[in-house]
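Structures are listed in the sections that come next.
Next come two complexes, and both contain chain A; in the first it sits with chain B, in the second with chain C.
For the complex of A and B:
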C-alpha cells in the first residue's frame, strides 16, 4: 500500500446519479457504492466500509486514511450561482494526463477551435505559477487568453482571465472571467476518478453565474468541450504522464504543467505517472 | 533493412497525413504540397500527441494539439503559443527515409543504399489487410523469410507486403496496366480468404 497515493479523496459518483448499488473501479480495485436513507456509502472488495464525503454534488471516498479534509471551494457557495452536474466522460488515458490537459490553454485554438480559442490569437503571455507550500497546492494566476466564445453566456469574443488551482493530484479548479458579471469568477472543476493508471472517469462540475442558458445548454456546451479533449487524450504517447524531464519539451506556456509534474514528484504521487523514459 | 511499402500514392495526395506502421514503429506518413513524401515517428515531441492526427499546412506538418509546425526535415519551426520565438534546433521529430516510386510510398527505417524494389512497370490496384504475419503471407508464395515484395504468377501481380503486427499484414497489390483491376481485386479477395482460412 502506497499511502502517498491512497490517502487522498477521490470522486467516484455524481450524487444525483446514484440509484441502486453500483460497482466501479478506484486505483485499479473494485469498489461498490450506493445510497441508503439519503446517505451515500462505499465499500471495498472485502466489504469493508470506506470513508465518504458528499461535496460539490459528488461522492468522494478514499481507500486509505486521508490526513486532511477534502478541499473546499468557498467561492462556489456565494448566492446566485447555478451548480451544474455535467455528468461523466470515461477516457482511456492516465488520470494525470486528464488533469494536465485541463491546465493547458495553448491548445484552445486548435482543439476547441472558434469556441475557446481561434487563430491567429494563439500567443500565451507569461503568467504566474507557484506551488503554495502552506496549502500544498499548485496555483497559476494572471493567465489571459482571447476567446471567441468563452462560455455559453458569452456574446462574442473576449479576453478571458483564468486562475488554475490543483488542490489534489487528480482534481483541478478553474476560476474564469464571468461574461455577465465582470469582477466575479465562474468556477469550473475537473474531478478525475482514477479507474486504473491508464483509464479514468472525468466528472466536471460547475458553479456559474448564468441566468440565461438552460441547464441542458450549459451541460452540452461543457460536454462538447470534453469530447474534443478526449480525442487528444486518447492519442498521446505514452498514455502515462512522464514526470521526469527529457521525454517531452515544455515551453514557457507550459509552466503550469511543469509545476504540476514537479509537485506530483515532490509528494510522491506516481499513480498514472511514467518515471523512466520508455 | 530494405524498402517497405507503407501505402499507395493515390491514398495520400499532397496535403494529407495518415497513420501507418512497420511492426513496432508507428508512423505518420504525409505528402507536402510539393509532392514529396515523409515518414516520421508518430509522436509530437512537445506532449506526445500523434502527429498522424495533425494537418499539413504549407510545407509543414502541424500537430493538432498545440499547432507546433515541423518543416520537411522534421525540425520544429513554429510554436503558435510563442509566435516571436525561433524554436531551438533540438526540437525535432525522428524521421525515416521515405520516397514514392511506381505509385507506392516506400519507407526504410534505417539508412539504406539498396535500390527500390523492381515493379516491372506494374501499377497499384489496391491495398488489402490480411490477418497473418508477413512471413506467413510470403511463405504461401514460397518466397524467402521476410520479403518485402513477392512476385505472384496469378494475374502477373506483385504484392508489396507491409508487416503491421504479428497478426496483420497490409498487402499492396500491383498489376500490369493492361490487367482488369476488377479481376485482380477479386483474385486478391479470394487470396485473403484462403490465407485466413475462411470460405470466400
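For the complex of A and C:
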C-alpha cells in the first residue's frame, strides 16, 4: 500500500445520481457505493466501510486514511450562484493527464475553436505560478486569454482572466471572469476519479452566476467543451504523465503543468505517472 | 421549428447538420439527457411517449424519429433525395445500436452488451467501406451518387463519432474520404468529436 496515493480523497459519484447500490473502480480496485436514509456509504471489496465526505454535489471517499479534510471552495457558497451537476464522462487516459489538460489554456484555439479560443489569438502571456506551501496546493494566477464565447452567459468575445488551483492530485478548480458579473469569478472544477492508472471517470462541476441560461443549457455547454477534450486525451503519447521535467519541453503556456508535475513529484504521487531517470 | 436537442447525441446532430446545410433555422431546446435523464421527464414524455431525442416540433406536427425529421426538413428539397435513401436511413438507424451504443457505453457508462455492439459496429463499418469503395470506382463520392442526400447526413454522425466508442477509422480509407467530402459541404457544422475541416495548405 502506498499511502502517498491512498491517503487522498477521491470523487466516486454525483450524489443526485445515486439510486441503488453501484459498483465502480477506485485506483484499480472494486468498491461499492450507495445511499441509505439520505446518507451515502462506500465499501471496499472486503465489505469494509470506507470514509466518506459529501461535498460539491459529489460523494468522496478514500481507500486510506486521509490526514486532512477534503479541500473547500468557500467562494462557491456565496448566494446567487447556480450549482451545476454536469455528470460524468469516462476517458481512457491517465488521471494526471486529464488534470494537466484542464490546466493548459494553449489548446483552446485549436480544440475549442471559436468558443474558448480562436486564431489568431493564440498567445498566452506571462502569468504567475507557484506551489503555495502553506496549503500545499498549486496555483496559477493572472492568466489572461481572449475568448469568443467564454461561457454560456457571454454575449461576445472578451479577454477572460483565469486562476487555476490544484488542491488535490486528481482535482482542479478554475476561477474565471464571469461575463454577466465582471467583478466575480465563475467556478469550474474537474474532479477526476482514477478508475485505473489509464482510465478515469471525470466529474465536472460548476458554481456559476448566470440568471439567463437553463440548467440544461449550462450542462450542455460544459459537456460540449469536455467532449472536445476527450478525443485529445485518449490519443496522448506517452499515455502516462512523465514526471521527469526533461522529457517534454515546457513552453511558457505550460508553466502550470510544470509546477503540477513538480508538486506531484514532491508529494510522491505517482499513480498514472511515468517515472523516468532524472 | 423547435428541436429538442442534446448536444452529444449523434441523432440530434443529424438534424442540426441537415438544417444547417439547408440554411433552415432551428430553435434549439437543450434537454439534460445526461446526467438528469430529462428526456424521461413527464413534460418530455407528454411530447414523445418513447422518451427519446431528437424531437422536432413544426407547428402541429411532432416528429420523433431522426429519419422522419430528415425527410420532413427536405420535403421541398428534391436535390437532397434519392430513391436509394430508404435503405441507408435504415442502415443509419442500425448504427445507433452498434457504433452509437458502444459510444454511449464508453463515454457515459450506458448499459450494453458491449462485445456484441463492437462486433456489429465493425461489420457495419466494413459494409459501408465496401459500398463507398464501389462508389469511388464509379466516380461517385456520396452514398447514393454524385451529390449528398439525406442518406449521407443520416449515416455520417455515428460513423464519424465511432472513435469515441473505441473504433479506429484508420482501416477505412473510403469512409475517411467520404467523411471529408461531407465535412467540406457549404454550411457544415461541427459537434464535439467531429472537428471542422482545416484549410488544405496552399502553395506559397
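Please note the rule applied: the second predicted complex is superposed on the first by the 276 of 278 C-alpha atoms of A that agree within 3 Å, B and C clash if a C-alpha of one lies under 4 Å from a C-alpha of the other, contacts with A are read in each partner's own complex, and residues count from 1 in each chain.
Criterion: a residue touches a chain if its C-beta (ideal position, glycine included) is under 8 Å from a C-beta of that chain, and two chains touch if they have at least 3 such contacts.
Here the structure is a predicted model, which means the values were calculated and not measured.
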For A:118, decide between first (touching chain B), second (touching chain C), both and neither.
neither
Is A:107 touching anything from chain B or chain C once the two structures are fitted on A? First, second, both or neither.
first
Per the contact definition in the header, classify A:178: touching chain B only (first), chain C only (second), both, or neither.
neither
Can A:238 be said to touch chain B (first), chain C (second), both, or neither?
first
Is A:188 touching anything from chain B or chain C once the two structures are fitted on A? First, second, both or neither.
neither
Once the shared chain is lined up, is A:138 touching chain B (first), chain C (second), both, or neither of them?
neither
Overlap of the chain B and chain C footprints on chain A, listed as residue numbers
231
State the interface residues of chain C toward chain A in the complex, per the touch definition above.
6-8, 30-32, 34-36, 38, 106-109, 163-164, 166, 191-193, 195-196
The chain B residues in contact with chain A across the complex are 26, 42-43, 45-50, 53, 64-67, 79-83, 85, 91
Using the touch definition up top, name the residues of chain A that touch chain B in the complex.
104, 106-107, 109-111, 119, 122-124, 231-232, 235-238, 242, 247-253
Sites on chain A touched by chain C in the complex:
14, 16-17, 85-90, 92, 113, 201, 214-217, 219-221, 223-228, 230-231, 234
